[in-house]
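The next block holds one structure in the form of structure tokens; read it before the comments.
Order of writing sets the labels: A, B, C and D. Residues in every chain begin at 1.
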């Protein structure tokens, strides 16, 4: 049999297929469609210290091979998460990872401390790349100084695995990857959505209430893949790739380019079983190609070139 | 109650007007858990303009034949493609989704109000209400006489009142102007149609102290509560139309 | 009738539908399909001082709703252009604009001087955004200092209309727009391609000989639109928008967002008549909406928000 | 000689093996300007995986019926979709594109060599050569006997020699191993097939001082000389396969 497992430091994942934050709810939304515990891990909805209502409707627009969203981190806050959601999802036999967000560095730090105390959450994903909030989010992920500061501050209080999620809306993604690695991140995930926009030509106005929003889906795959390749070559910590992964082949592109694992995002909206199908497909590919370990193909394209 | 994803066979794709058609779908699953007001998410295959699924109400269910129907209006690329499907082809569908209409109180007098393609969920609701002993009246509004659809189907359920904007059939004007609203006295109104129509009916109900449920058609990405795109601003804050709706009592909405 | 014309300074264009450099050859490639002179203008193939062979094959990969290219400015150089191409295309009754490229500022300056002398070329498009060459190109377009220097140097020698084409591969597109406006650009065109990548999973190697390439087509439209909107709000000179325009509706999105004119690029590969169809569609839209001048809808979405 | 873009009617979509099919297309235009070796750019509609057109050789032309045929192998999404088109549907095509095969010298002895779907452009070429007085031999290579296609069609043109890689029909091995190459003496060889086959034939021709033309299948975006994606490295520098090819004399190539 083939080995699909990987690890971030001493945290083991049974396989490299994870779900992307904001696209998989907290997990139970998908219980009817698949056995969530078969996945390598799930990254739950973006969480903040205080409850947030998010942006006004309309928050969504379809684009060619993709979609824009402007949800803006709607969530019920960490208190509610601890009390009502954590008990429901801590039974999953997989790594449940919380995506944390804030407007100020203090928010991130306070959140990280709270989540550090939750036994069944072995890691956080520090989201410095949300394009849909006025303060924080992408502002941290597009400024090298802020990216450094917030990573350092969270690292200082958070003892478990720290995954930092980068914004693609920058000139040089490798700069940011190096910075967060230097500040002690255990892993890097990328990409968050590209900042985009859509106009309703019939109504002559922006399609989203916020005018701009985050572009996800297959449309962004080539950009995501390029960034993952650039980053994976330059850092030593595991890179988790995402952006437009719909099929096994898409996931393999990322792994061959250097991603240790992948997150399936928007695809789950179109096919709630996409993640499981991709997991099965990766195993089949390895067998067909005669590899016994997923590690044998991580970054494969760099070896021959 | 479990949601499922299934390739359903198209028994019939029937064009009923220039821009309306009905898909009759056959399922291998037991359909008894489908309730009036629920919807499905249809995958429109292999097109770059139809990346996301399309939400469509369940128009009618035949529990004996294990089939259900969708009443669809061609409004863009996705529905256009669906209109071209042939009998025997299959369609990938996630269902049943959303909450459902609440039941009226005992002996309550019920009116169903629909406009345009908003009449879709009301047929299944009407049949269900009739089957459990209610005698709902139905008020339908259309642009003009040529755009009237499904009239005969609703006649089987109860009295049907009509309005057309140009007066070419039934009373002239919008549903809110129809005389039945001032002559008959209803306890509960179910409404589905354009936002402007639902808001007008909601206003009417509030003024007249009637209970009113509407079915919303917010833009959706996932349909299963995962994306938070389909929200509606309610007295309880933002709620997802796809899981906590599409049916809302108008007292919950900030209309 | 509706007025479709616009102008850059005192240079008039009969309508706002232009063709994007590198996607329309020199014009004659499309003579069989449409009357090139009906277009507002054509932007010819990227031209350099010396002939260039471009990158190795394969140079192209299809992606979801888009394509990657790594042509790398293959062209026969300015001598050949003057002698063999200029005479063939100077008969077009429309604005023929040359897209100029270089590895050093001196290359751009020398080219601009040469083209200044060509009577029938009323403008140049200064391409500081080609992602497919090792030196120059995008390196100028992603560094504010270089972008300033090259624009200033070319402006100093070039008397006709100077259009600067920006790279989207930057954190803050508005910075670059402001810089080139300050240095005397008469117009700004955007976006060039996004840097992307594709992996051939069957062959386990990059799809392009250059590994990364430029992403174009509908996939990039939301990003392009966002950047055009951001820039158009901040500069006074006309903005020419492009990126994934396939249909009339796509073109109108850009115009409503603030573009004075649009370029049709990759679309011409799929439908060689796309540009003309878009031109006809825009006229029809204006009539249907009751506008008499294209100017009435430029940036329309900003007026109501 | 003018290129055109046209919606052609599919008279017949004929499946000939598991993965090969032939589309017969009817045009309203006069086809007499189509020459052997030219190709078309087919639009595969409305799919996000088939953004670009697909280049396909012109397999056969019937100037009387105003129809031409495409011989297509299913290799991915685009060709798969094309294989599902039904008779009577239409297909948007840009044609005719590219240069064409050169004529042999007077009284020259000609061999056509094809492998797999590379045999496509050779039928039209063979028929044309025969019609102007040549008697071409044909050498075809396939993986095994089950993958042999269009054999009868080529028999109408001249002698057909076969190889299969497993020896299940004809001589065993690759076309370059076939005994006819050592027994007969040809002046001109036309070849289309996998790159490896064309390179082997090109090498054989160089060694034996024969004139050789090959038809290349480089990846294309536009097909009309606008994008410069389809280049091949020649003694004259990079040339576009779509306008200066797809047919090249092997003396021009750096093979």
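Quick note on the criterion: contacts are C-beta pairs under 8 Å (C-beta built on N, C-alpha and C of every residue); 3 or more make two chains touch, one makes a residue touch a chain.
The shown structure was predicted, so the numbers you read here are calculated from the model rather than taken from an experiment.
Using the mean of the Cα atoms as each chain's centre, the chain most removed from subunit A is D.
Rounded to a whole number, the gap between the C-alpha centres of subunit A and subunit D is 47 angstrom. The centroid of the Cα atoms in subunit A and the matching centroid in subunit B are 36 Å apart. Averaged C-alpha coordinates put the centre of subunit A at 34 Å from the centre of subunit C.
Residues of subunit D in contact with at least two other chains: 48-49, 51. Residues of subunit C in contact with two or more other chains: 63-66, 217-218. Chain contacts here are complete: no pair of chains fails to touch.
Residue ranges of subunit B in contact with subunit D, taken from their complex: 46-49, 51, 81. Interface residues of subunit A facing subunit D in the complex, by the touch rule stated above, are 64-65, 218. The part of subunit D that touches subunit C in the complex is made up of residues 2-5, 43, 48-53, 94, 218-233, 237-238.
In the complex of the two chains, the subunit A residues touching subunit C come out as 63-66, 68, 142, 169-172, 194-199, 201, 204-206, 211-212, 215, 217-223, 225-226, 229, 244, 249, 252-253, 256-257, 285, 289, 297, 300-301, 304-305.
Residue ranges on subunit C touching subunit D, taken from their complex, read 22-25, 29-30, 32-33, 45, 53-54, 56-67, 69, 71, 74, 217-218, 266, 268-273.
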